[in-house]
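Note that the chains are named A, B, C and D in the order they appear, and that numbering of residues resets to 1 at the start of each chain.
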Amino acid sequence: MVKVKELTDQEYLYGHKACPGCGLGTIGRLALKILGPRTIVALPASCMSTVTTQYPQMNYSVPSLTMAFAGTGAVLTGMSAGLKAQGITDVHVLGLAGDGGTADIGLQALSGAVERGDDFIYICYDNEAYMNTGVQRSSLTPIGAHTTNSPAGTASFGEKKPKKNLFEIMIAHRIPYAATASSAYPYDFMNKVEKAKGIAGPKFIHIMCPCPTGWGFASDLTVEIRKLAVETGMWYLAEYENGKVKMNLVPKKMKPVEEYLRPQRRFRHLTAENIKLIEEHRDREWRLIREKWLVKL
Amino acid sequence: MIEVRWHARGGQGGFTAAKLLGLAASVFGNYYAQAFPSFGPERRGAPVLGFTRIDDRPITDHSQVYTCDYVVVLDETLLETVDVTKGLKEGGILLINTKLSPDHFRLPGHFRVITVDASTIAREELGAPIANTAMLGALAAVNDLIGIDSLRRAVDKGMPENLREKNRKAMERTYQVVRGGK
Amino acid sequence: MAKPKIVKFHYPESLAEMPLGPSAAAGILTEPNAGWRVQRPVMDRAKCSKCLLCWVLCPEGVIDKESEELAIDLNYCKGCGLCAHECPKEAITMVGEGE
Amino acid sequence: MSNKARSSQLDFLNGDEAVAYGAKLCRPHVVAVYPITPQTIVVERIAEFVANNLMTCEYIHVESEHSAMCAAMGASLVGARAFTATSSQGLAYMHEMLHYVSGSRFPIVMMNANRTLAAPWNIFGDQRDSLAQRDTGWIQVYVENGQEALDMIIQAYAVAEDDRVYTPVMVNLDGFVNTHTFELVAIPEQKDVDEFLPPFKSKNAIDFNHPRSFCMTAATEWNMEFRYQQQEAMNQAKEVIAEVDRRFGDKFGRYYGGLVEEVRCQDAEVVLIGMGSVAGTSRVVVDKLRDKGWKVGLLKLRFYRPFPIEYFKGLSPKVKAVGIIDRDISFGYEGALASDIKAALTSASAPPKVINFIAGIAGRDITKENIEEMYNKLFNLTQGKEEKELQFIGLRW
C-alpha cells in the first residue's frame, strides 16, 4: 500500500501547459512517482502531448514519445518488444492516452496489443470528449453532455449514446489486470498503478479526468466533481484480475445524479425529464453490476 | 534459352515441378533459371500454369512466357478445355501424362508428342496419382540440358524429408520408361 | 526546493547544432507558467496537519513536501485553487495576485 | 550476377524469400508485419526462421499495417533494429506513419511489394502504391530481381543507419513478377554481413542517462528548420548510397551502380528509362536492337528518392529522345516518374524529346514487343515524325 511519506518529491512531469485544475497533471505526476525514472511514456496526439512537449520545453523528465493518434497500443508493443529483444529489463512502458485516443481511433491498436499479451501499462485519462481539439464528443462522452459536435438544441439534449464501457471491453480480452480509477481517490489510483507495476503483460487503468474547460466548472472543483461522480454512481472504482472483478467502493446510498450534473455547464440544458432518463440509465447499469459482480448482494 | 510450360490443375503440384526443374538447372546445374506460376488465386482444381526458363547466361527477362520449347501436361483432361500447344515452337516437345499412345493425339503443329503413364507410376510409388515429379523424370529423358542426377538432388533439397525417396523413385521410373521408348 | 528549475536554453544557431530530428532533452523548462495566475494559495502552517493531501492532488506538483513550510513554487503554480478547496483543515486560502 | 558470387550459398528463391533472407541476415531485433498479398511469403518465411531458431527476434503479429509501422517505430525508439514489409493497400494505410517515422528520423527498413491500388480491386503489380508515397520522406529504391532485393535490404540498413542519413528506406519489388518468381540467388554468409553491417547503435533512441522527448511538437518557430534538416539528410544520402554500393560490391562481388545503372547508353541516341523488373526485360531488347545496329540505351532508375537529378543534368547531348516507362498514372496529367524526369531534363545541356509510356498497370505484362515498339516510337521522334507525348502501351483498344 502506498504511503505518501514514502513517495518521492521528485516531479517527473512538471511545468506543463494544461488548463488550471486539469486532472491530467495529477494523473501523470502520481503514475510516474510510482513507476519511477526508468519509464518510457507514449502519448498520442492529445491534450497530454500538446501541453508537455512544446520545443524546446519538455515537461516530462523521463523519455517520452509523442505518437500518432491511432497507434498508442502498437507503439507500446514495439517498445516492449524492442527492449525484450535487447535484453533490457526493469523498464516500464507506459501509455498515457485520452478517451478518444483509446476508445475510438486507438481501440484497434490497443486491442491488438492486449490480445498479444505485450508488456506495458496503459492509462486512459478520460475527460469524456476530444478536449485538445475543442470539446468534440467521443464514444466516452456521457448521455446528455453538450459538446461542440453533439450540441444541445431545440431538437437535441446533447450526446445521445451512453458511455462505451472500456473496462468491460478489456475484461472481454481476459487482460491480466484492468481497473477503473479516479484521481479524487489518489491513493486508490496509486495502489492500482503499484499493483499493475508488479504484473507481467498488458495492464489497463481507466481513470476519470474531469476537464474544467470542457465540462464547465471552476478550476478548484475538479476533485469535488470526481467525488460526486462516484457518489452518484456515474463512475465506479473496480479492479479485474484472475477472471474476477472486485468493486473497490460501492456507495451505500446513491446520491441523485442531479447533484453530479448541476455544477457542470455541459449538463445545464438538461430538463428534469432528461435527468430522469440519465438516472434510469444509471440504475440499470448498477443492476447489471450487482448481477454480474456483486452476486452476494 | 529454353522455356517450359507446365499445365496442371490447382493442387496437382504443377508449379512445384516447374520450380524443381529451375532448382535443378541453376543450383545443381551450371545454368541460370527462372520459375514462376501463372499468378492468380490458386483454387483447387482450376487449370493453372507453371513456367521455367533455363539459360547459360543470367536471365533478366521478366515478361511472361509466350513461346516454349517444351509443354508438360500433368492432367490430360485439360486438353478438352485448354489449347496446350499454343506457343509451342516448331520442333518442340509436348509431353502428356496419359495411358494413350502419342499418335492418339491429332494436334496441329510441328512438334513431337511423347506420352507416359506417370499417374500409374506415381500411384504405385507415392500411393497417390500426384504426377508432377514423375513428369520431371520424363522431361529429363527428352532434353539434353537437365540430367536426372541434378533433378534427384533438387527433389532432395526441395521436398520434405518423407517425400524425397518416393518421388525420386517415381521420377527415375518415368525417366527409364521415356528413355527406353525414345 | 527540489523542483525542476528554469534553464537558459541554447537554441541551435545552425544546421550542425540541430538535434537529430525532432527530439529534445527531457525535463527542460524554459519559461514559467506564473503568468496564468489571478490568485495564489497561501499556507497557514498553524492550521496545517501536514496530511499532504494538497501535495498529492496538486495538478502542477508545485508544493515542496520536504520543506517545513510546504513552500509553493510560484513559477509554476497556476492558482487553480484546488488545494485550498480540498484542504481538510482549510489551512490554505487563495489570495488575489499582487496583494 | 556475372560470376557465381563468392563465398555464399546458392539457392533457388522467389523475391519474397530473398527479402526474408536479407532481413534475417541483418539481425533485426523486432519484425512487425501484417500480411498482404503479394508480400505474404516474406511474413511466412521469417515466421518459419523464428520458429526454427534460425533467426532470433521479436516477431509481432500486429493487427494492421498502421500498427506495423507504429510498432516498428516504438522498437527503433528504444534502439532496436526494426524491419517491416507491406504492399499496396497496406502501404496506403501506413501513409500517416511514413511521414511520422521519416520526420522523427528513425532508420527503419521496409520492403514494399509493388501492387496497384484499389479501386478497382486488383492484387497485381504496378508502382502506383509506392509512387503515391513519394513525398513521405522515405528513401525509395526499386529492384529488378530477387538477388538485388536481398542485397538492397542489407544496403538499405547501411544507408539508413548512416550518421549522415538517419532516414528510413523502402525497398520496392514488383508484385508477383519479382515476389513470386524463383531465380538463382546467392545468399551471403552471416559473418560477411555482420562485418558489412555492424550491430545497430542508434543515435536516435532513448537513453535513461540522458532522457529525451521524441517526436515532440515543434511549433511554427522551429518546425521549418527540422524540415530543412530532413532535406539535407536526404541529399547526403546520395553520396552514402554510392559509398554503400561500392563497399557492398567489394565485399560480395555485386555492384549495382548506386542511384542509377546505365545499360549501353555511351553512344545511345534514344534511351528508355524504367524502374524495377521492366528494366530486366528491356535489357534483352536493348541487346537485340544493338545487334541490329540501333543506338539504343536503357537507364535503370534505381532510387526514386533521393532523385538522381545530377544524372539528367549531365545527360549527353547525343541522346535525342527519351522514353519514360511509368507503371502508374497521375490522373489529369501524366506518369509521376515522367513529371520528375522531365523537370530534371530541363537542366540538361540539350534537352531531348520525351515520350511518357504508361504500361504494366495492375499486372498487365510489358512484353519484349512492347519495349521494341517504344524504341521505334522514340526513333520516330528523332526523325521528326509526330508522336504523342503520353501514350498508353498495351491497351486492349
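The rule we apply is simple: a contact is a pair of C-beta atoms (placed from the backbone, for glycine too) under 8 Å apart; a residue touches a chain by one contact, two chains touch by 3 or more.
These figures come from a predicted structure and were not determined experimentally.
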For the pairs A-C and B-D, output the one whose chains share more C-beta pairs in contact. A-C
Using each chain's Cα centroid, which is most distant from the centroid of chain A? B
Distance-wise, how many Å sit between the C-alpha centres of chain A and chain C, to the nearest whole number? 24
Distance from the mean Cα position of chain B to that of chain A, given in whole angstrom: 64
Between the Cα centroids of chain B and chain D the separation in whole angstrom comes to 34
List the centre-to-centre spacing of chain B and chain C in whole Å, with centres computed as mean CA coordinates. 80
If a residue has to touch 2 or more other chains to count, which residues of chain B qualify? none
Specify, in ascending order, the residues of chain A that touch 2 or more different other chains. 55-56, 58, 60-64
Indicate the residues of chain D shared as contacts by at least two other chains. 211-216, 218
Give every touching pair of chains, nothing left out. A-C, A-D, B-D, C-D
Where on chain A is chain D touching in the complex? 37-38, 40, 42, 49-50, 52-56, 58, 60-68, 70-71, 73-86, 88, 91, 108-109, 111-112, 115-116, 118
Of all residues in chain C, which touch chain A in the complex? 2-4, 9, 11, 22, 24-33, 36, 52, 55-61, 64-66, 75-76, 78-82, 84-86, 94
Please output the residues of chain C touching chain D within their complex, sorted ascending. 12, 15, 18-27
Complex contacts: residues of chain A adjacent to chain C: 4-5, 7, 9-18, 20-26, 29-30, 55-64, 183, 186-187, 212, 218-224
So in the complex, which bits of chain B are touching chain D? 19, 22-23, 26-27, 32-37, 39, 58-64, 66, 158
